[in-house]
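What follows is a pair of complexes built around chain A, which joins chain B in one and chain C in the other.
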Partner chain A sequence: MSTFDFPPSITSRPTYGTLEPRAGKFHLMIADAEGAEAILRLAEADPSLMGKSHIMYIPGETGDRFTAKLEALAPKQLYVGPSYTAAVPRLRRILQDAHMGLQVYLTGTEGLMGQAMLEATTAGIPHTAIQTEHRGSVARRMQCVHCKGITENVITDPFKCSHCGLNLFVRDHYSRRLAAFQAVCIDAEDPGNVPPSVELYT
Partner chain B sequence: MTIQFNDETFRGDYTFRNSQWAIDRFPFPFHEDSYMYSVNMEQHQGGPKGSVYEKRFDVDEHYVSEMKDRAIVLAEDPLRCQSLPHMTLAGWDLLELIMVSKSEDYPDLFELHRDGNDWHWINKPMGIDQRFTFMDETTLPYGPMEYITRQTQGDFAVLDQRDDNLWMDAGMVTTQADWSLDFDIGMNFFEWHAPVPKAHEMGIFVRALKFLLNVQQGSPARRLNWTMTVNPLLDTSPENYHKWGVQKTTLTPENVGEKQFLRVELQTFFRLPRSNALVFPIRCYLIALEDVVTVPKWGRRLHRVLRDIPVELATYKGFIDNRPLIVDYLSKFDDGLPTSDGIWPEKDTEPPLQA
Partner chain C sequence: MSAGTTKLAVTVTEVTPVNELVTRFRFERTDGGLLPTFSGGAHTVVEMKDGDITRLNPYSLMSDPMDQSAYTISVRRDDEGRGGSLFMHQKVKPGDQMVISYPVNLFALDLRAKKHLMIAGGIGITPFLAQIKQLAATNGRFELHYACRNPALGSYVDELTAAHPNNVHVYFDDQKQAIDLENLLDGQPLGTHIYVCGPKGMIDWVCAKARDLGWPREAIHYEEFLAPQSGKPFEVKLAVSNKVITVGEHQSLLEAIEAAGVDAPYLCRGGACGQCETAVIGYDGKFLHHDHWLEDDEKASGKKIMPCVSRFEGKTLVLDR
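The block that comes next holds the complex of A and B.
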């Protein structure tokens, strides 16, 4: 099973639910990696959704493990893309045409859900109206508060900023506008004293 | 002009100093010998003559130098001042509030002449003489919020009110107690306060929000908050923490009195008329421990407060490692005598330090 129970945290940290079929004219489902499992379960819960669904899927490290199963759902449209970044122009185009009655479902890693939510909210959909379900890796998208650079897929704490090279610790403080958690220098008060990295949630 | 403005720095050689006048009027934040969070709001309708509570926007001897420091911060990092697109009207509201207040409260320092939308603003301490059209951004060198907050001490968070919540959708933040506007902009009241320990569980933010949502035009409110800062550094930002954090390790028993500062925020809250936004000025006052202890009551009390404060709060406020050094220093100014209630120095009635 690809689910993970996040421990309780501070109020800015996003929490995730379980995708449920909702009434709507059009259903936009965006998933990466193991997020495919949540889509498959959603389709099982209400097979009639698929005829009105556009699935955008970024397999990432799961390769072709889920793609045939998603194809078998016969959604109205299925996009399988190489990266989230590559999928963004397409996503924006879809949101540009969106009408009342659109339902948005996001599932997979926090980085994927956060960034897709940012696109959807920028298009005018309230974040509270968007369903999310975490699946797969607990890696995070982190913003270095010092240089503002984003480091993707951070799985250890502390980690090195991929832009400025500072040693950063991982906070739970989260910005929807940046779709990122905050990372802060860990050895500012004792330069060079960087504790060993440990994997998140271990 | 009635105020002698200091020429001083808040970085590098740190020449910041408080005059006797500034020490006497310092907003000491502890009304008793212990501290815990509370929704310590009161009306902001003036205060004792000469106190920092008297005027709507207090101007003191540090004004001109603080504005120079702000300009340095903004030149290095323009993201310290941001306004989401829907907040421009609130920016004009704020500009009006400050210009009207300052010109009425300090007529010798500031003048505002209005003829319809043709406005003429004179800021004598900063040598500014600006004619502009109210509500026309093209007639000012910056957006309205940035323009006026480059001329007003304190940080400014401008909060949009919707969905029974307050949203930090604009701000000018260069003298902050370690929080990032760039990161927090767009967050609601509970989200931007998320990192504060204990207070959520105590229900502080629910009650505070309830109060703030109901602040009315013409009835501003205020409260004090505080933390500790090594050196008179205004810009204790997370952005620059990797540069200033190490200064915390420079305290010694010999220099703690002059290098360790009590940092007090006078927070005020004003409803803005057109936008219905709430502006939240956060004015920072700094005082060296060696100046605090010249007031016997404050010396006794600060020692007791910092000695007894829960570890979690000392950690959040960033002085847990230096607490022993600080408390040891302050203990020399606590003779165990009782202190009177309230924040005022009571220099005439409190006994001097007993040997």
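The block that comes next holds the complex of A and C.
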């Protein structure tokens, strides 16, 4: 199963729900990897949704495990892309042309949901009106608060900043503006005293 | 008195009939000073001393929010109402001194919106007059759809269409013109917020249609001032101040509490803001809830009442006030 129950944390930490069909004439679903499962379940809950849905899917490490199943849903439009970054121009164009009433569904990893959420809120959709469902990896998109560099897919705590090389502690403190969690130097006062790295949520 | 907001002593400097039903009033500070600026959509509570009766009615401010020299309001005459609008129309003359409250805004523009879509019905146009002045000053993007009965009763139609010919759309009921709501809502770009002010039927129609079309709750704003309804007189015991009061036929429960010298909180006096929420200690009878603040289960619980608009029928009512 691709779901994970995040333990309760600080208010800043995003929480995720379960995608539900909503009223609307146009539906935009953005998913990566195991997020496809949430879309399959959504389509099952309301088969009429697919005729008015645009699905953007980034399979990542799941390869073609889900693509045929998504195709079989016969959505109005299906895009399968190599990376989120590659999908951004298309996403921006969709949002630019979209009208009020558009329903946005985000599912998959936190990094994908956070970044797509940022695009959707920038386009004018209130963040509380966007549905999310976490699926798959619990890796995070982290910002080093010292050099401001972003490290994607962080799965261990502490980790080394991919930009400045500091040893960073993974915080639950999240920025919607950056679509990233904050990472803070763990050995600032006693350089070199770094606890062993452990995988997140183990 | 701590209830409500700070008061302003003002002088009526102009009384201008707008049409058969609507009259505009201009207030300037009696001490000659500047009035506070406000934000479009704000209202002021006007105190009307009519013989022994004091009425406090909220009216939307329609003047330019940045104009500190004067406030203006427009009052529609309601011959069937409790008398507040008739008092304004018949008794208030230029030179009169009155007391109004500081502006309070329960219908503000959400400035995160990329576009403001305003839908007005009849006298519901007044908050939009101030909002449009605010937006015009900041180059805000807006569109007004204004339904009124006929050209003669269309308050400020000419002024609006002259100033904003491309943004203002007027619909006259008598000419069978109606807002094509579904198409209007469907065509709005992402980031549009809706604002509705007008009769209850119109507000419900717009809100329901927007919800059906998948508009986010956060993008739908409405303002409906409920005038307190008249009803059978009833008796209330105020437990904290240890008083028994009678609420008259044309008096609201809040007004009766105030008339007894009890300092009760309020802000909008129209069942919207929640400020006057009062705990019920005991009752034997039936509540007539008229507000849209309390949730249905709270209304059914018999534990809370909004004294600004709601009433009671029955033997006893004891309030925590």
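Observations, loosely collected:
By our rule, the second predicted complex is superposed on the first by the 202 of 202 C-alpha atoms of A that agree within 3 Å, B and C clash if a C-alpha of one lies under 4 Å from a C-alpha of the other, contacts with A are read in each partner's own complex, and residues count from 1 in each chain.
Just so we're on the same page, a residue touches a chain if its C-beta (ideal position, glycine included) is under 8 Å from a C-beta of that chain, and two chains touch if they have at least 3 such contacts.
Quick caveat: nothing in here was measured; it's all calculated off a predicted structure.
Annotation: superposed three-chain arrangement on chain A; chain B versus chain C shows no clash, the two fitting side by side. In the superposition on chain A, A:184 makes contact with chain B only, not with chain C.
Of the two partner chains, neither chain B nor chain C is touched by A:138. Between chain B and chain C, the partner in contact with more residues of chain A is B. In the superposed pair of complexes, A:125 makes contact with chain C only, with no contact to chain B.
An angle of 60 degrees, to the nearest 10, separates chain B from chain C at the C-alpha centre of chain A in the overlay. In the superposition on chain A, A:173 contacts chain B only, with no contact to chain C. Once the two complexes are laid over each other on the shared chain, residue contacts for A:88 go to neither chain B nor chain C. Touch criterion met: A:103 reaches chain C, while chain B stays clear of it. In the superposition on chain A, contact is made by A:22 with chain C only, not with chain B.
Between chain B and chain C the least C-alpha distance in the superposed model amounts to 7 Å. The contact surfaces that chain B and chain C form on chain A in the two complexes do not overlap at any residue.
The residues of chain C lying in touch with chain A in their complex are 112-114, 185-192, 211-219.
Contact residues on chain A toward chain C in their complex (touch as defined above): 22-25, 95, 98-103, 123-126, 128-129. By the touch criterion given at the top, residues 79, 180, 182-187, 190-195, 200, 238-246, 248-249, 321 of chain B touch chain A in their complex.
Listing the residues of chain A that touch chain B in their complex gives 10-13, 143, 145-146, 148, 166, 171-173, 175-178, 182, 184-185, 188-191.
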